[in-house]
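Okay, got some structures for you below.
Each of the two complexes below includes chain A, the first together with chain B, the second together with chain C.
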Partner chain A sequence: MISNLTKKRVHDYLLEGKREGRGLLDYREIEIELGVSKNAEGSARVKVGKTEVVAGVKLDVTEPYTDHEDEGTLITTLELLPLSSPRFEAGPPKIEAIEIARIVDREVRESKFIDFKKLCIKKGEKVWGIFLDIFSINDDGNLLDAAGIAAVAALRNAKMPKYDEKEDKVEYGELTNKGMPLNKETPIILTFHKIGNKIFIDPGQEEEKASEGRISFGFLDGNINACQKGNDAPLKLEELSEILETAEKKAEEMTEKIDKAIEKALKARENRK
Partner chain B sequence: MSEEREKVIPGEILETGEDWLPGEGTRRDGKNIVASRFGLKEIQNRLVKIIPLSGVYIPRRGNLVIGVVTDINFSGWNMDINAPYTSFLPLAECPRFFNKEDLAEYFDIGDMVVCKVKAVKRKGVDLSLKSIGLGKIEDGMIVYINSNKVPRVIGKEGSMIKIIKDATKCDIVVGQNGVVWIKGKTAENEMLAKETILFITGKSYLSGLTEKVQEFLSKKFGEKK
Partner chain C sequence: MAYTKRFDGRKFDETRDIKAEVGIIPNADGSAMFAFGDTVAVAAVYGPKIMHPQHSQDPKKGTLRVTYDMLSFSVPERKKPGPSRRSQEISKVTEWALSPVVNLDEFPNTVVDVHIMIFQANASTRCAGINAAAIALAHAGVPMSDLVSSVSVGKMDETIVVDVIKEEEDYEEGEGATDIATAFTSNSGKLTLLQLDGKISPKKLDEAVEKARDACKKIYELQKKTLKEAKE
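Up next is the complex of A and B:
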């Protein structure tokens, strides 16, 4: 719970445009590390300031859904570990975790980032199933955007495992050189928060707690693929159009940043080998 | 004080023999004195004890704490003081007259109140306002620190906190539960006081910390000019 005092202070600082050394629409530094998990086909650790999340991609051969017989499947889960914040408790995922997982899932799925048709092995019988698992390691606000970046980075890092068709077995030990069938463009989730009449992105812990309204957009190459409104405060029509305008520019800028960070991480990983 | 104290982890054997007595944070296991908390080992004559470095705040009678009002009852306020117990500030423990009809007028949900621990009972913690300097916090800044580092922030007989107060010209109240209230003339001063406090909590295990803090502060002031 946030005290009235801290909330007022966060609001005052936002009015003055003071935000621990950054502006209202400035992101904290993003750090990406790839291949952090030994057993996952692809994994990534993403740091946005002090916020830290780890995502892993696991591939398995499963049956397709009956209404999409020639498409692979995607299951996204997110766990808010108790070690990341005193707010989180152990146990089945709570509403907050489910919400973040679903937004990430929606963005990855609806942006057509993954070409599900190429994940089909035999129509109606066998397809690749993707398990995208995200974990929070440290919560300093904005877990939602960080989870989105981690999910994309882990998918980019993933390599298809070998599949033995005769024995119907996936040989996890041997990864092929083939990456997953992904779109060249990188999807991104941007969340805008509102306190009073100020709109800002990438909240810190206190700012997130004090946030009155929020809206998230999923972008891919300038198109909006996902959207989610949260918290109580409503948004005016003018505010929304202002958000959309800045969001488009910001998304482009952020995508570039993330692409660069992923590339850098890929190189760092190759050098280590 | 200048001696480096040894860091110990739970389960570590501290001393062996019947001569030693187990103190706070330790237990006797056969002939050994074994640590049950993470912290610094300290020996006072025959007594072996641990100064904890981590863990939650355990309220003690007489502690000055800063809490948040979480709920309002017909006879007082429920408070959150960062302890594993529920705490309650009864109306009877307030020094001036309060209109019983509208308690939210005095302390509303989300307000921060400086209070004192009157008693720790089995059903929870009782708080009191009957002392000097207690009451609602109207403005200023709140910083959360680990409650085990509070003695380090205050220093010996308040030496450390006096340095920060003098350098930043801020009013600072350190609750034993790890909630610190800073009230200064400008936001910059408050930020500096916050930085200094976080510097102390980050380096609390070092000896000769007072000099390091003075160095830190003079360096910060040097940057400003």
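Up next is the complex of A and C:
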């Protein structure tokens, strides 16, 4: 909760282009740490400023969907934990969590980041099923973008578990050296917010509350794979054109930044072993 | 091979046959059907009425609440009845798409319920649902500053098409299919819904949204005509 007074102050600051130590199109620092849980096939902890999320990958052998008989499956969930903010309550995921999970799922899927065909064990019978579970640890705004980074980092970190074909059993705890079949390019989610005639990215919690409208893009290699306009603030077509132009440039810059952070985390992980 | 001819022979910027009718559910305060060819959506509006649960009441203004769902037999493979993550998300984005034109300032502590049900689905169901809901709201006499018109656009390989059908959603040649759902305030032309999945460049998306805007003008004409011809 923020008071109307705070909301107005933050709103007025943003209108003047003022933020705490950064410009409207500056992102906070991104920190990535891999291997949060030894029991996950892959996991990552991502901090964007004070916002923090963790993501884990669990793999299981399952039946494919009837319309994609030779492809692995992906189920993405996100929980907004009560431990991460006083505004979240326990219980089944509400729309805010569902929306974030579905946007992350769409970007991961539509960008073809995962080669699902390579996750087929026996066509029509057995494929690898991926559970991608994301949890908020501290909400200081922009959980969606952070969840996107965590999802990719956890997938990059994942190793396939051993699978005993005769016994039809996954031997958990025994990971192979084989990573997941992933695209070299990194998908990212970039959310733009609007106040008056100003657009800004990566809001802190107060800025997010003061925002008048948002639109999120999933990018891979310069193309948009997922998009969602959130909130009920309408957007003029000129505004959309402006955002798209900015997004194209910003996406390139952010992809490089996130790539570097993941690379760094992967190296740090190697050194720790 | 490039997508040079549509599966159903339509022009690239042509919607399917659109049909609309209001007053189809006598119990409701307002109701409407809207169809894009085989995609049929029905919407019913109830309210303004006192909001329940009470803790959801807003003492400053009324609330617009949308539920979207599909009949179990509206799709080839039976859909399990009841809300899903998909239907909850669509309900929310539909609410966002409609609420900019709905003014409930004079109805504190109330709710206007919009129930959308898909009877028959061949893609673009959320767009049909929004079009039906917009005229159902007007039919109910809810104060509105504008209507909302909605259409899907698709990019099939490199070709932009208006009002996507299931076969097109599943198109796999070249760059494959990108499915884009849009909605606009009908007169002022502001974007109130934008969702997409697939693969598209920012420039091409800009172009696609403009084509959607043009198609929505035609949809708006039908919405207006339907409302004018409505019987008491």
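Here, the second predicted complex is superposed on the first by the 271 of 273 C-alpha atoms of A that agree within 3 Å, B and C clash if a C-alpha of one lies under 4 Å from a C-alpha of the other, contacts with A are read in each partner's own complex, and residues count from 1 in each chain.
Basically, contacts are C-beta pairs under 8 Å (C-beta built on N, C-alpha and C of every residue); 3 or more make two chains touch, one makes a residue touch a chain.
The structure presented is a predicted model; accordingly, all values stated were derived computationally and were not measured.
S.K.: Go through the superposed model and pick first if A:176 touches only chain B, second if only chain C, both, or neither.
M.R.: After superposing on A, A:176 lies clear of both chain B and chain C.
S.K.: Quick one: chain B or chain C, who's touching more of chain A?
M.R.: For chain A, the partner with the higher number of touched residues is C.
S.K.: Quick one: is A:9 in contact with chain B, with chain C, with both, or with neither? Answer first, second, both or neither.
M.R.: After superposing on A, A:9 lies in contact with chain B but is clear of chain C.
S.K.: By the touch definition at the top of the document, which applies to A:197: first (chain B), second (chain C), both, or neither?
M.R.: neither
S.K.: Which partner does A:101 reach: the first (chain B), the second (chain C), both, or neither?
M.R.: second
S.K.: Does the superposition put A:223 against chain B (first), chain C (second), both, or neither?
M.R.: In the superposition, A:223 contacts chain C only.
S.K.: Regarding the shared-chain residue A:1, is it in contact with chain B (first), chain C (second), both, or neither?
M.R.: Only chain B is touched by A:1; chain C is not.
S.K.: Go through the superposed model and pick first if A:18 touches only chain B, second if only chain C, both, or neither.
M.R.: A:18 sits against chain B, while chain C stays out of touch.
S.K.: Let me check the overlay on chain A: which residues of chain A are in contact with chain B and also with chain C?
M.R.: After superposing on chain A, no chain A residue contacts both chain B and chain C.
S.K.: So in the complex, which bits of chain A are touching chain C?
M.R.: Against chain C, the touching part of chain A is residues 66, 95, 98-99, 101-102, 106, 109-111, 215, 220, 222-237, 240-241, 244-245, 247-248.
S.K.: In the complex of these two chains, what residues of chain B are touching chain A?
M.R.: Contact set of chain B toward chain A: 68, 70, 80, 108, 110-112, 137, 139-142, 187.
S.K.: Could you please specify the touching residues of chain C with respect to chain A in the complex?
M.R.: 77, 85-86, 88-89, 91-93, 95-97, 99-100, 180, 185, 188-203, 205-206, 209-210, 213
S.K.: Spell out the residues on chain A that touch chain B in their complex, using ranges where they run on.
M.R.: Going by the criterion above, the answer is residues 1-9, 13, 18.
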